[in-house]
Every structure is written in structure tokens, then in C-alpha cells.
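Look for subunit A in each of the two complexes below; its partner is subunit B in the first and subunit C in the second.
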Partner chain A sequence: MAKQPKNAQSKPVSQSYWSLVWWKFKKNKLAIVGGIILLVMYFSFVAIPEFIAPYALERRSEYTEARPQTIRFVDQEGKFHLRPFVYGLERKVDMVARRRSYVEDPNRVYEIFFFTKGDPYKLFGLIPTDRHLFGTNSDDPAASVFIMGTDSLGRDYFSRIMYGGRLSLMIGLIGQFLTLLLGSVLGAISGYYGGTVDIIVQRLTEFLAAFPDIPLFMALAAAIPTFWSPIAVYFMLTLILAFVRWGGLARQVRGLILSLREREYVLAAKSFGADDSRLMFRHLLPGTMSHIIVIATLSIPGMILSETALSWLGLGLRPPLTSWGVLLQEAMTVYAIRFAPWLLWTVPFLLIVIFAYNMLGDGLRDALDPYGAR
Partner chain B sequence: MNDNDILVDIQDLKVEFDVRAGVIKAVDGATFDIKRGQTLGVIGESGCGKSVTARAILNMVPRPGKVTGGQVLYYRRAKGSTQTEVINITKLDPDGELIRQIRGGEIGMIFQEPMSSLTPVYTAGTHIGEAVTLHRLIPVRKVGDQIAETIQAHRHVTKQEAREIAIEMLRRVGIPKPEQRVDSYPHQLSGGQRQRVMIAVALSCQPNMLIADEPTTALDVSIEAQILDIMRELQESVNMAIMFITHNLGVIAEMAEEIVVMYMGKQVERAKTIDLFYDPKHPYTRALLQSIPRIGRKTGIRLASIEGMVPDPLHLPTGCVFHPRCPSFMPGKCDKIAPTWQKLPGDHWVSCLLYQEV
Partner chain C sequence: MLNYILRRLGYAVIMIVLVSFVSFVIIKLPPGDFLTQKMEQLRARGDRSAEARIEEYRIRYGLDRPFIEQYTGWVTKFIRGDFGESFEYERPVKDLLGERLTMTVILALATLIITWVLAIPMGVYSAVKQYSIGDQLISIFSFIGLGMPGFLLALLILYFAIVVLNQEATGLFSQQYVDAPWSVERVIDLLKHLWIPALVSAVTGTGGLVRIMRGNLLDTLGQPFVEAARARGLKNSTVIWKHAVRMAINPLIVILGSEAFPNIITGNALVSIVLNLPTIGPLFVESLRKLDMYMAGTCIVFFTMLLLIGNLAADLMLAWADPRIRLE
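Here is the complex of A and B:
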């Protein structure tokens, strides 16, 4: 059969659902900004933190709790340099306060080079390389660039934030994925079967909702054996977070399924011989997808914050793992806030991620209901 | 009547809905059979139990309905063989493997609302493909190891094959440019096209029987005629039985060979289409036929309608359920004695005391 020429009639007359969603989403500038921020952050924190961080995670310098080095373009004589540079640090011991402090030494100038050689690492865990986004190219062992200072062991704080972001951001995604899995499957089963199954699942969600979060976290986290490897603890923690948080989603999915299951297409699919699991997961759950996406986006920040809070309390991740919660734990003391306030640099990163998620989630919520009145 | 030709035999089927206000007898003693390749029409007003009977054939009575009596026998016959196996559908587990094979695979069903019968997130092709992959098997010749003999095994169709079948089915139900339409979502199709897709889904597994539950009610008249034509053509080409449920007498006269008339869950008359239209026996059937508007009818005369109202299904009248509205009401008889199913000459069955000696 000869291929018929395409004419105007062959084009679908109506816009598809997703093109309407995209059209509406595009109009929400805040949501676009949030989405772009998240894309950039996830790419840099999860995929290539080794490249962006100037130092390896465990690289210690002799400068402990050194204040951030300011990136400069103008030197002491007021001459402008195109290439940014930092001054070297000089240790001073304050005999009155009985502590070390560092001052910048304008005589030692370290220029910052981009795509420079540094500590070796494997890009994406595969490609061995030693290129970093920036760093000093100096052979001087005292050369350093700590744009956010160092911690009490002399590790570059900016590098640690980069590495810590990987675990903190991923726990949000993995945990939310597990929550979605648990919540939507149990919600679908509960709504589809109704009756006794429904009662059991709903009472379970109510029990979890009524239970105060932090004590439950504490009990579950305390149940993780201390001899487990940190990475096992990490996965256990995501499981715990998912386990505590699936209830709300399950209730919403149940409500949606309750209304969808009375639709005629469910009956039609059944009359063609579809079994229960097919009806639930192929015909009913996709109808709730737009709702699920929004809930998921809006609750990932909660997930990230939970991890941070737990680690801050010392119940979550522990060193040598680095996450934002672990970093904040080091900034917990009044001493740190008084004498090393740069240890709070984690907070703005955390805030940016959470704001970006909320902006994106709000935009998605409006966009995924393109026929809505808003 | 050759018993061998019976496909579905409904015997004294009773379906009850236990609702808070009481028990509703949605179907009360339906007894009829559907023969292979035949079209049986079921007519009656809304709520008379037509659709529930159809659902009972697929063991899909909606909650809280329950089959409380009688049975539906399905005379299963593998394609191409003459061996018949009798399956009592009402006894099957409603979620079991066997009933799911029968649903769609051997008895297809199409519904009144083409607008909502397709899952909105899937394309037309996906719908047909789903039915096809669930049911249609392709024979594969295999050589047995022990005995050097070819045996037949079956495998499920692949995705590519399912897509080709989907395009072919869409072409057969008269959808233009099936290669493109196969990727259309339900909301991109018109009502008539959606109903065609539904028919394509139902027919894609070459069922022995199609239950059409008011398939054209939601469509306009010209589309209705096209859909009916397609159903008839396809029926001839695959020798499929059709159970056609409607309340449109004109449609049923055109489609069915035999008609069952239902009223308040009970079947009141059954006859060949011609007999029923030219010689209706039951007063209800007569009243129905009189209430059809005709071309050439004198203007200014009110269209005949059936006296009274449909009774409350929770409080059905005693005796014959039609007696409060019946023009041939016989006091002392109709309100006391329930009529039984009587055979009149010419394979004409009726349930009315006018034809019964009491």
C-alpha cells in the first residue's frame, strides 16, 4: 500500500495532555528556575563533585579551622589581575584566647587556575583523572585555596560540602522512590480491594501518622547495629525514612483509586480478561501519576531535611560518611558558631535545594492540572 | 433446535442486590440460550436487568450484587474442534484464571459509553495489543524429543505482532489511516471512532460471542448505522454470536434474529424477531411497540405510552409484576398468581396469564 501523503487532517486536532502541561509549566518562571537549579545541583553534587571540589575528601592540610580565603582580583598595589588569586594563610597563635588563628599573608599570592591538576580521582567512578574545576597550580606545599575555610581536621570545607551533597541529595531521591513504591502499591491495593484490606492498610497509616516522627526515627535508627558499614547504615536510613513516610501518599492514592475504579474503562479492561494486578497497576495507577509526581516533588525536601536532622542528632549517618547532616553536626557547638562560623556554609546549600524543590513542586502542581481554573 | 449449536445457556438466573433498604431482585429467573453465530436481542427499559444479565455471563456482577440462583453454562469449544466442554460460569472463581481466559478471549464485551471505556493514558494500539497479548496465542510447531512427532505448542504474540494485529483490526472496523490512528490517545478520537476501537479490542481475540451492551446509545444516528453495519459484517466473517442489549426497538429489529423482552428483572416474552414484531403476545411488548413513533402517523394524536410508572424495585407488585400497568389486567388473577414461562406455537415463549389456564 502506497503511503498516503500527510495532510493537515492527519495532525491530531487536540493538544496532548503533556504538551498542555509543558505549556502551562513554561509560563511559571519560578518553577523553571527551580527546575534548572535542581538540574544543575544534582549534576554537580551527584555526578561530578570530585571534579568541582578542589581537594579529595580526606585530604588534610596543616591549616585546621582556617577561615575562608577571599578570592581577589585586585592586589595590594591596586592593580587589577584578570586571573583571580588568593593570599596564603599564615598561622598565628592567640595566647590570650589560647587558640590558633590564621591571617592572610599578602606576600604569598597563589593564582587560581581552572581545569588544573590536583588530587587523582575517578570521574563517574570509572574514568581516572586528576583534573579539577579550579585550584592552585603552585608547587609550594603550603599553597591552598579554601574558599569556605577548613574544618577542625584541616579538610577543605567546600570540598566536603560537595561530597556531602551527594549522599544528602540522593537520600531524598532514593527515599522518595521507596516511599512512592510503598505508598502507591499499598494505596492502590487498599483502594482497589476495599473491605478488610482497606481497613488494615488505613489503620496502619493512621498508626504511623499518629506516632511522633522523631522518637520513631530514634528507635529505628538505634536498631541499626553499630558494626554495620556506613553504607549499609545509609541504605537502612533511607528504608527507615521511606517506611515512616509512605502513609500520607498511600491515603491520597487510595482516594484517587476509589474514584477511578468506578470508571467504565476499568470494567471494560476487566471484561477483556485483565486480572486484578493488571487493573491496579496498568489501568488505575497511571491515572494517579500526575498527583503522585506532585506529592513526590513536594515531599523530597522533607526527606532531605529528615536525613539532615537525624544525622545532626547523631542518629543518622556517621563519619567517615559525609553528608550535610554530618557536616552540620560539626557546627553544632557554640564554639563553632563563635569562632568558625564558616562551618555553617552548608545551610545556604540546603536552603537552595529546598526552595528549588518547592518552587518546582508548586509549578508542577499547577501545570499538571492544565484544565484547572487557576 | 440442535443442542450442539448452543453457546451460552442461561438457566433460571437470579441476581440479587442486597442494599441497605432491602433486597433488589435485579434478574429473576432469566432463561434463554444463545446459539453459535446467532444474534440475540435483549430489550427492556432502563433498570430491567439487561446489563446485569450480561455481566452475569462474564461472572462480573458488580458489588453488592450476587448470583443467588440458576446458572450460566458456557459450551466451550476449542477453535476448529467439535469437542464441547461445558463450563458453569456462575460456579467459577470471579478472579480465576479460567474466567479471565473466557473474558475477552472467548466472550468479548462492549459498553454503552465509548467516551469512558478506554483507559485515557493508553493509545488505541495499546488497548488492542493488551487484549491480544492476554489471549491470542500463536501455534508453534515443536519436535518432541522422545518421540519424533510434531506437537503443537503455543506462544504469546510479540509486541511487534500485536501492533500489526492492532492496525489490521482498526482497518477492519473502518478507521481511516489505521497506521496513524493506532498511536492516538482516546481523547484524540471521536465518539464513533472510540466505539470502533472498543469493537476492535473486543474482536481482536476472535471471540465466540460478543456482548454489546447498548453499544450505540451514546452515538448519533449516522454513526450508529455504521457501527451496526460493521458489527454485522464482522459477525458474518467470523461466525460470532452477538448478545445485543438495547432499548431501541428499531435497532434490534435490524440486528437480531431472536429477541428476549425483559421487564423488572423478569423475561416476559421471547420469539423470533419477525414473530415478535408482527404478533406480539405479551401486553408489555405490545405497549412497547405501540409507543414507537412512526412516519406517516397522524399528527395531533398523543404518542401511546405505557400507563403508570415503573414500580419500586424494592416493593414489586404481587402476581405478575406488570399488572398495575397492564391494559389486559384481569382482576383476581393477575394480582394473585405469578405467570409461568409458557411455550406457544412457533417457538414463541411468553410469561402471561392470558395464555395460561389457571
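Here is the complex of A and C:
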């Protein structure tokens, strides 16, 4: 990004396109907030979830479907403690409903410490360590801290949401990247060369558009063999998401290229002897960049949601892979909603990501047209 | 005009044939079929005669024949109105879909009416009173609706209904009314359940429509013919509703055809699954998971048909509503 002069009004210097964009973007507070939320979320969910989560992904405890433990500062006598603490969980069996549940036992107090030792892991996949952001710092297995409860196997749900975020958030980025690659290259070729290539690409996008997209997703995802390794399933799913969605983008890029192709600067470049690839990648595609960025930002949430929906239906990722959609599978039954509603904690995280992307994308759309009146 | 319609219909037929073939291929892609899945189940249960029974099924459903023969056999029957048999239910696909069709259409129409009745006045108000508090509130609401995925909202509302209101919230009827004949009580019971899907669609469906209506009307209100109407001394409401809205509503007609119409059957399959509604959507998802191929294929072909017909209807309606548009 070019540096913004302190007083843009008094210095009539000409501004580059990108510095104008940045200037306009900065004024949109909602977009800035969205961008910061996304940066923080991507950093904590993709880079360091092992550190933030108090437990390892598959670490089981004896507390199955335990309710969340409230983090407290004030004890029973009404005394305020600077160090937060939780009450221990105690099993209670409801003979009538034949259910086990857990209640907090105010007599067992476990203080929460920061940067405690816990399950070992490798930070960034490289540095072996066992420090976690918070925990009870006790070897007693009853000294648990489940701030969002546990699932039916007694695994800490907050930790699972942290790990699940990595796959869910990454599939949005990787899938969108592949979509962009497919859509912009095919769109550009089709718009630039015209003729037979154009007709083939056009018909292909029309055919994809004629397929109702949710059923197409489902049908393709259902075709992933069940015996494939989880990683292969993950990449296949990403490919499917990209494959279904590139058509719309290709059409828009094609339209833009068609209009740019006739501009004088392209003619000038051509007369200087620029070859096709130079024209396309140096002169034409950059012209469509701002448009592509906006579309990309606004369609990443759709990508993330498609993965969530497919995995949740049992057509996408499967355990042992953990994504937010896989986590939601457990929250699907009326039984779960009634007796273990904390399994819905995944939903707020998803919604925050989606709204943050929408806020950012909206700001970008306004900013990338800095010459516009709005 | 007739020429145009015929050409579009011919194009649609080619498209449907292609789509049906491709969907057949896709369903055939995963190794194994419904019967191999079933055989594993039978074996796991320790059924010794599994192999023989599966072989019997294989011949009955024609799964022993080559792929092309299976496809052509299904298509020729399809044209005659026989959509094949569902492996899972061992009943004709036609009956299974027919049972759920009424409820699917009722729900879709209810959704459609709710979203449009809410969205158009909200959009108009928002544009006429631009930057007022009401406009700001409507804008916030519509942005939330635009971003909010229906099935997540349905999950949240379900949580609210079950945990906070302590209400039985899934399905369309309470236990005792599911098979009961229509009566006043049954309708009341239906309404008690209908509010959740209605609310979901009101939030998620209106957002986009409100934004489009608002944007178009703002553009239209600035045009000279609106000023001319005002100058002639027409009432404000007449100017807005008869002159401006009449023009600004055209893009919504396209949406009605290309999105709302196909939705009659796709009708938010995900929301239906969360809320356990007796519509076609969940049936379709189930059939994909079980590789129940005639069921899945029939559903896909119908989706595509509705989509294509909807698009054509949208273009025709637009030409009818706005005579300046020429189709050729």
C-alpha cells in the first residue's frame, strides 16, 4: 500500500489507484471492524488453535455431555477474587428421565491460570510445547475447565470448536482461490480469444447454471467414495466447491475483458509487440482485479457455509476430521437441543465469520470504486 | 413470440436430457451401489441368505444390466410418467413424491407470500423515507437476513422454541394430528408449528428483496416522469405506488421466476431437514446419501425443469410487464 500523505487536501499530488482505495476503505468503520475480526479469527483458529484450546482434540474426560462451567469471580460468600475460578462438576442421575447430568459443586473450587501446562502439541506444527492459554494447572483429572461443555464422548467442546475452525476457515480460502483461478483464467481466455473456445466455455457455464446448485453439490459430494482417506476427502470437497462455483465468475470476467479489449491502452500494448500472454496477464486481468476481489470476498462465506452444510448432512467431511459442520452433526437432534444446547456454540462462531466477511466485502466494494460518487 | 417460446422450450428439453444423463453418471460415480450398501447391512446383521436376496434385487431393479441400458430404460419410463422405484422404500418414486407434494407446495407458497408481502412494503418505505430511522432499521434487518444462512437460523429458533418456550417445535403437526382429517383444531395445530419456517423465511428471504426494491425505487424516484406526475398534482401515494413502484418492480419479476418458482420444490431442503418438515427436500438428500438413484435422479430432473420453466416464465412476464423489453 502506498503511504498516505498527512494532508491530502493541501497537496495536489496525484494519487495512485490503490492509495485512493485504501483512503476510502479506511473511512468505512464497519469494513475495518470486519477485517480486524477476520484477521484475529484466522490467526487464532488457523495458526494457533492448539495454544488457545485448553485440551487436545481427542482428549476424552469422564464427563460426557457435561454442561458448560461458568467462569466466576465472586464466590459463595460474595467475596470477589481477582483470579477467575470454576466449580468442579458433580454427576447427578435423574432416575425418572434415566439421564445423567452434571451440576456444579460449589465446594470444589478450581482456579484458572494463564499459560498453564497441558496436553503437549507442536506450535505451528514445528515447536514442541505444552503451554496453553488457560487451564486449571492441576494434575487432578477432576479439575476440568469446560467453558462450552463437553460432547457425548466427554471431549471439551471449546477445544473442538478451536480445532474445527481450522478446516472450516481454510476450505473457504482454498476453495475460493481455486474458483478464482478457474473462473478468471477461463473467463479471460473466453473473452480474449472468442470463437470456438468462447462458445465451449459459455455453454459449459450455462450447463452448470442449469443444474440447481445445492443438489449438484450434494450429488457430487455423495459421489466421494467412503473409503478415501480424510485428507483426500477434504481436497476433493474443496475441488467440488470450486468446480460448481467458477461459472458465475467466469461470465463476469469475460464481460469485463470484452470491454477492456477494445480500450486504446490495449491497442498500444499490442502495437508495441506484446504477445497474447503478456496482454492478458499484464494488461487485461489486472483491470478486472478490483471486481474479482470483491466477488471473492463476498463469496467466501458461501463457500464456508457449503462445507458446513454438506458435512452436517453427512455428505462432506467425516470424523476423524473435525470441522464446524462435523461438530454440528451432534447438535442436530431435538434431544441434543433440549438436553445439550451448548453443542450449538458452533453457530455463533460461524455467524461471526460470515458477517465479518460481509462487512469487509461491502467496504471493499465501495472502496474499489474510488472514483464513484458514493 | 411463439417462435421464441418454442425455441426456448426446445433448448430446455436438450438441457433436461443432458442434466438427467449427467446426474445419472454422478450418482453412479461412487463405487458400489445401493445394494452393496444394503448387503453390508444384511451381513452385519448375520443374514446368511444375503447374497441370494441381493442378487434377486439386482435383477428386479435392472442393476445387472449395463449403464447405458439402465439409463435409457429409466428415461423411456420417465416420459411415460413412471419414475422408477425407490430402493430404500421399495415403492414407486411417483407415490413417494406425490405424498409430500401438497405439503411442499403449501409451505413454498406460504413462504413466498410472507416474504413478498413483507419485503415490498419494507423496500418501498425504505426508499421513500431514505435515511430515516425506519430506513436504517430496515437496512440493518435486511443485511442480517442477507448474511444469515437459513438452516443455522432454524437451529437457533428451534433452540429458542424448545428450551425457552418449552414447545414441541419440529414437524408440521403434533403427534395426534399427523394422520387426522382436516379440522379446525388441526389447522390451529398447523399454525402453531408453521411459525418457525415462516419466521426463518421472513428473515432470510426478505433481505435481498428489500435491498433490490429500495435501490430500484431510489433510482426511479429521481427520474423526470415521477417529477412530472407530481407536477400534475397527483396524490403522493398515487405517484409512488402507481408510477414509481410500477416501474421499479420489474427486476423483482425476474427473481420471482428464476428463484421463487424453482424453490417450490427445492424449497430450502436444509431448513426442512432441521425442522423435520414433510417436504421433498429431505427425501432427496436421503436418497443421495443412500445412492437411491431413481429417487435422486427424478428429483434432480424436476429441479432442473422448474428452474428452466421458471426462467422462461420470468422472461415472458417481464416482457408483459414492461413492453419496452423485446425478447428476440
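Please note the rule applied: the second predicted complex is superposed on the first by the 362 of 374 C-alpha atoms of A that agree within 3 Å, B and C clash if a C-alpha of one lies under 4 Å from a C-alpha of the other, contacts with A are read in each partner's own complex, and residues count from 1 in each chain.
By our rule, a residue touches a chain if its C-beta (ideal position, glycine included) is under 8 Å from a C-beta of that chain, and two chains touch if they have at least 3 such contacts.
Because the structure is a prediction, the values reported are computed rather than measured.
By the touch criterion stated above, A:Pro301 is placed in contact with subunit C alone, subunit B being left untouched. In the superposition on chain A, A:His283 contacts subunit B only, with no contact to subunit C. Once the two complexes are laid over each other on the shared chain, residue contacts for A:Ile127 go to neither subunit B nor subunit C. Legend: residue contacts after superposition of the two complexes on their common chain; A:Ile354 is shown touching subunit C, with no touch to subunit B. When the two complexes are overlaid on their common chain A, residue A:Asp275 makes contact with subunit B while staying clear of subunit C. Shared-chain residue A:Tyr265: touches subunit B; no touch with subunit C.
More residues of subunit A are in touch with C than with the other of subunit B and subunit C. In the complex of the two chains, the subunit B residues touching subunit A come out as 58, 60, 95, 100-105, 108-111, 113, 116-122, 130-131, 134-135, 177, 180, 184-185, 187-188, 198, 201-202. Put simply, subunit C touches subunit A in their complex at residues 15, 18-19, 22-23, 26-27, 29-31, 143-144, 146-149, 151-152, 155-156, 158-159, 162-163, 169-170, 262, 266, 269-270, 273-274, 276, 284-285, 288-289, 291, 296, 299-300, 303-304, 307-308. Those residues of subunit A that touch subunit C in the shared complex are 207, 210-212, 214-215, 218-220, 222-226, 301, 305, 309, 312-315, 328, 331-332, 334, 337-338, 341, 344, 347, 350-351, 354-355, 358. Contact residues on subunit A toward subunit B in their complex (touch as defined above): 4, 10, 12-14, 16-17, 263-265, 267-276, 282-283, 286-287, 289.
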